[in-house]
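Down below is the structure, laid out as structure tokens.
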Amino acid sequence: MVNVAVNGVGTIGKRVAEAVKKQEDMTLYCISDVQATGQLRSILSEDGSLHGTPLYGSTEDGAQNMADEGMHVDGVLEDVIDEIDVVIDCTPPGIDQKNKENLYEPNDVKAVFQGGAPDEIAEVKFNADANYEEARGEDFVKVVSCNTTSLSRTLSAVDESFGIDKVTANLVRRGGDIPQDSRGPINSTIPVTEVPSHHGPDVQAVMPELDITTLAVKVPVTYGHVHMVTAELEKETSEEDVKQAFRNQPRVNLVSAGEGYDSTGKIHEKMRDIGRKRSDMQEAGVWEETVSVDEERVHWIHMVHQEAIVVPENVDAIRSMFEMEEKQDSIEMTSSSMGIE
Amino acid sequence: MVNVAVNGVGTIGKRVAEAVKKQEDMTLYCISDVQATGQLRSILSEDGSLHGTPLYGSTEDGAQNMADEGMHVDGVLEDVIDEIDVVIDCTPPGIDQKNKENLYEPNDVKAVFQGGAPDEIAEVKFNADANYEEARGEDFVKVVSCNTTSLSRTLSAVDESFGIDKVTANLVRRGGDIPQDSRGPINSTIPVTEVPSHHGPDVQAVMPELDITTLAVKVPVTYGHVHMVTAELEKETSEEDVKQAFRNQPRVNLVSAGEGYDSTGKIHEKMRDIGRKRSDMQEAGVWEETVSVDEERVHWIHMVHQEAIVVPENVDAIRSMFEMEEKQDSIEMTSSSMGIE
Amino acid sequence: MVNVAVNGVGTIGKRVAEAVKKQEDMTLYCISDVQATGQLRSILSEDGSLHGTPLYGSTEDGAQNMADEGMHVDGVLEDVIDEIDVVIDCTPPGIDQKNKENLYEPNDVKAVFQGGAPDEIAEVKFNADANYEEARGEDFVKVVSCNTTSLSRTLSAVDESFGIDKVTANLVRRGGDIPQDSRGPINSTIPVTEVPSHHGPDVQAVMPELDITTLAVKVPVTYGHVHMVTAELEKETSEEDVKQAFRNQPRVNLVSAGEGYDSTGKIHEKMRDIGRKRSDMQEAGVWEETVSVDEERVHWIHMVHQEAIVVPENVDAIRSMFEMEEKQDSIEMTSSSMGIE
Amino acid sequence: MVNVAVNGVGTIGKRVAEAVKKQEDMTLYCISDVQATGQLRSILSEDGSLHGTPLYGSTEDGAQNMADEGMHVDGVLEDVIDEIDVVIDCTPPGIDQKNKENLYEPNDVKAVFQGGAPDEIAEVKFNADANYEEARGEDFVKVVSCNTTSLSRTLSAVDESFGIDKVTANLVRRGGDIPQDSRGPINSTIPVTEVPSHHGPDVQAVMPELDITTLAVKVPVTYGHVHMVTAELEKETSEEDVKQAFRNQPRVNLVSAGEGYDSTGKIHEKMRDIGRKRSDMQEAGVWEETVSVDEERVHWIHMVHQEAIVVPENVDAIRSMFEMEEKQDSIEMTSSSMGIE
């Protein structure tokens, strides 16, 4: 059993912690944070633990802060670091790097970092579908961001089946998450003026051979980025074959606008209706009707639930780093424990 | 055991159907609808039933429509109407009245209608907290709307404890639900130009003695109406006493902005975090910090999750109509089966 | 001729500067700022002036900043302060107080401050309709905020005609202005948890006898706050009489939902169609259909264009401070110069 | 002098009518409509005319409707059709086709149609920059839609300078216009499931040689579509050369995010600040910083003000149809009369 700590239980961390608890080959040793936020209060049981897993301070000060706010804090992460095999670090960008230098490296504990962390934090960038093997035995791994994860999943599916010459992907990003009521815009579209955007190179971190260019804008929605993708293939194919490639990808869902799922809001409602916790969608969702082939060119539009898609990747990263399972087995174990179809 | 059918499984109907299935003293005999929407597909199991409860057509044509779209339809509601004790009618306004005349009345089957139905459809308007007793033995009952339900709950709590002379409540209504992507406004506030608005008389349907006036506007949000309430009391009180009255009300929650729940988005996130299906909030949520007393006047601001709040009321209405349980017992049975605190 | 400087040409300052230029009894001596924002660039002519009025730095550093960004800066405000009779200070809250202490008081120059300034900055709070006379001869005056201005205008109209016993006003505030793309919320309603909100006491600063209580929320729109108002009168009246009182108020417009102006968006469009610069609405807009009288109680809903409504008040404040014109004359001069009906 | 009628004075029609009035070589003979909307009321002077141009009914019934609502209606369009040389038809899709068959063709009057009209309505599709010459002497011309117009302008600029091999353009469309408060979505992104979308073929109607593919989504904003464009060129170029090509295009503006115009909201504010009526932007706006060249590939992001961009094209179409001016002269006359830089 691998002992896991989740450091920083915000949007990603709280989901990852709950996912780790569902794995039979891992133990969630503790969670840690520095502030008594609303979401921290909401995930804890009445006894102040995460359904049995104790809460620690990420730092001495953090432990004090939370105790002052009435939280039941069991100690400080550093004090139990020897009991832990791997930390999933979901702290804000900047803090993660300091944690690596001051806590994880000196104590010889492995760590998984998130998409917002600096690139230098880990040599291996990770997406389970695209490069599971590369994290094998590594001490530090960075799971790529939500946008990158969805691109890696869909593009690796197409690339494996047909070979991709070149991709253009244009991203329509959400402005903020559901609880982030101080983020905008209210009524603007904001171009990312860095062109091409960083998302292309981010995908190349897990698919180094891929020729990809991305542009992005930000819009006033809270659930889901949407990507418009055009890929030039090495050989002709058919719409049906591309759809089949997506169907074969374990974490890509084909969703049908014709069956009533014709917007991000309707897909959000689907996740609510099928009973996903937090209405989360861990899969990338490709609108079936948008898959369109023109000789050697294929287009599609997919959506990404920005809060949820990287969660299973964090679990898989651990299995690869500790050489616990082969790729397909790990993906299946994680997905089935989380109810991903 | 009371045999229940839910006719119309849209926003309200699908929730009510799932709630009825959780009651030990009721059987969900069937659900019925006329169209294969995305949400209908999402709630059904692979065998086409609602986890064992068969799908019927509300009409012959409806059954045909759904069968044509590949749904497994077991028959037409009318054919099994004799097996049913009560229909919870969640069909669109206009259809409900025809259903009463053509199907429920001729077949001597009781029915519960929703807030959008015409007032004449049932003599008794129902809110469990405010007038549970009045539905006793009735054949037709109308559960009041989401706005009215939240006002009835909070106002009956205050009225019972302190007596209310007069209330002004101003409503800030959501523009559309999460999946309703064709509703606006995008960037407008829309006044309800009927002043006072219908919500005041609606509350009086369950609290006939109450002197209440309401005004309303509509704004671009999808989760939650918000009400600003000012009540003049018969006697002086204190903020703490008013809060306590709310705490004593089983379906009113005090939420603390200071603890991190300072917007509808943050409360939505709380419902996601504590694992409510569909992120539903069946309680009215009063922001603790907004309860303010000035001599004999009390103010507060509360939120209402428009999709969910009336669901437990539908269940309680049945118990009152069939004289199955006393008020407090029914409320407790329903709430505890649904995980309402 | 009174020599006016406008210090700080953001949302309010740029409008006030252009309004002052339209007055025949005032000269806009200069405008001043500290940063080369997009809106500063947009209002300037090709020669870098505001159609002839030079740009100064509010400070040495500010002058340097703007010069570095390619703006034509004529000097620093302090160097010409002796030429100026009154500064309209539209700098951010905090800066205004320092400007008063370090620049205006030591140099014996009068100043008008905005609604965001601290209350102590000026003994007299100002709204032309409510208390024009009180600024007479004053050195420092604070024009009340946009919400307060609209309440003062409508309430003074009703109070003068019928006498008000008590008012409850509930405010639905916009989240951010059109260019403020980093402000939210995107999809939340945010209660102002200070209950009653500060808007009531703010109105009392210009209508000290008024018994008023206000509550407020914030929503995702960019053009216009909306207020729902209930006033208890000293005597019975009729809807027609109340409408007439509003019609008599020079800066209150009755707008008709029935004629097609049934939302803030439609009123915004009206301002665009009638050719108002920046689509500005300097009047408070009362929806005619919402004026409703119930014995001695009157209700109405009005909107406030948050960027524009205080602009004419700034001009009138100057005339009162320099004892240039009587109230009605000043209001008429200002309004007619700005095209206010 | 060409006698012009504008039939249908909604979003586009009211703007076109006002633009025609500014031309020295055209007379606006009348405007016509069928309903007394808010925007119709707003554009008319007190005497019920459009600053001297009379209002007619588009039909007998329409004239009656408007008269019943208190509008001053001078007659019915058909009765004066012989006085008119060309009708600019801005009626809703479907009506335009009937108008052509029943009114314009039988009376030998020329007509200009809008982007929403069926393709068969006119053989020549028109964009002044791309194919001014083709409308020469034509009886019926269709001005292409707002999205198509902006693509035609930017792409023709690049194509003329460098030659385009292939283009991918992804469109992020606004959900509704400022006054359209019943349109959504509130919090969804909606994919256009027709892939490629119709915008590509629409551009080819005016640039028949162009190999272009487009995808589109719809988002909750009211001012401006945004396009992300990638073009493969016939020869290498530099960012500076591409920017220069845009600068040379009379109806394309380079806007600088770095100077403070980094969102559609900030550009909207610029149009307000420089005093454009209705805050209109008739130019396509290319964000300077997004122009990016990678060997023979160029990317950029531009915005389109959906209400305004086609207005000057309607005026130019008339000049071409009546062979009044050469392309550059017409473009310059129209632009300078409208204050387009």
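Going by the order they are written in, the chains are A, B, C and D; count residues from 1 in each one.
Simple rule for what comes next: a residue touches a chain if its C-beta (ideal position, glycine included) is under 8 Å from a C-beta of that chain, and two chains touch if they have at least 3 such contacts.
Predicted, not measured: the structure shown is a model, and the values here were computed from it.
Should one ask which of A-B and B-C has more C-beta pairs in contact, the pair is B-C. Farthest chain from chain D (centres taken as the mean of C-alpha atoms): B. Spacing of chain B relative to chain D, judged by their CA centroids, is 47 angstrom. Each chain gets one centre point, the mean of its Cα atoms, and the points for chain A and chain B are 36 Å apart.
A straight line joining the Cα centres of chain B and chain C is 42 Å long. Counting partner chains per residue, chain A shows two or more touched chains at residues 178, 180-181, 185-188, 190, 220-223, 262-263, 265-266, 268. Residue ranges on chain C touching chain B, taken from their complex, read 168, 170, 172, 185, 187-191, 193, 195-196, 213, 215-217, 219-224, 226, 228, 230, 257, 262-266, 268, 287, 289-292, 294, 297, 299-301, 303. Put simply, chain C touches chain D in their complex at residues 14, 36-39, 41-43, 178-181, 186-187, 222-223, 259-263, 265-266, 268-270, 272-275, 277-279. On the chain A side of its complex with chain C, the touching residues are 175-176, 178, 180-188, 190, 220-222.
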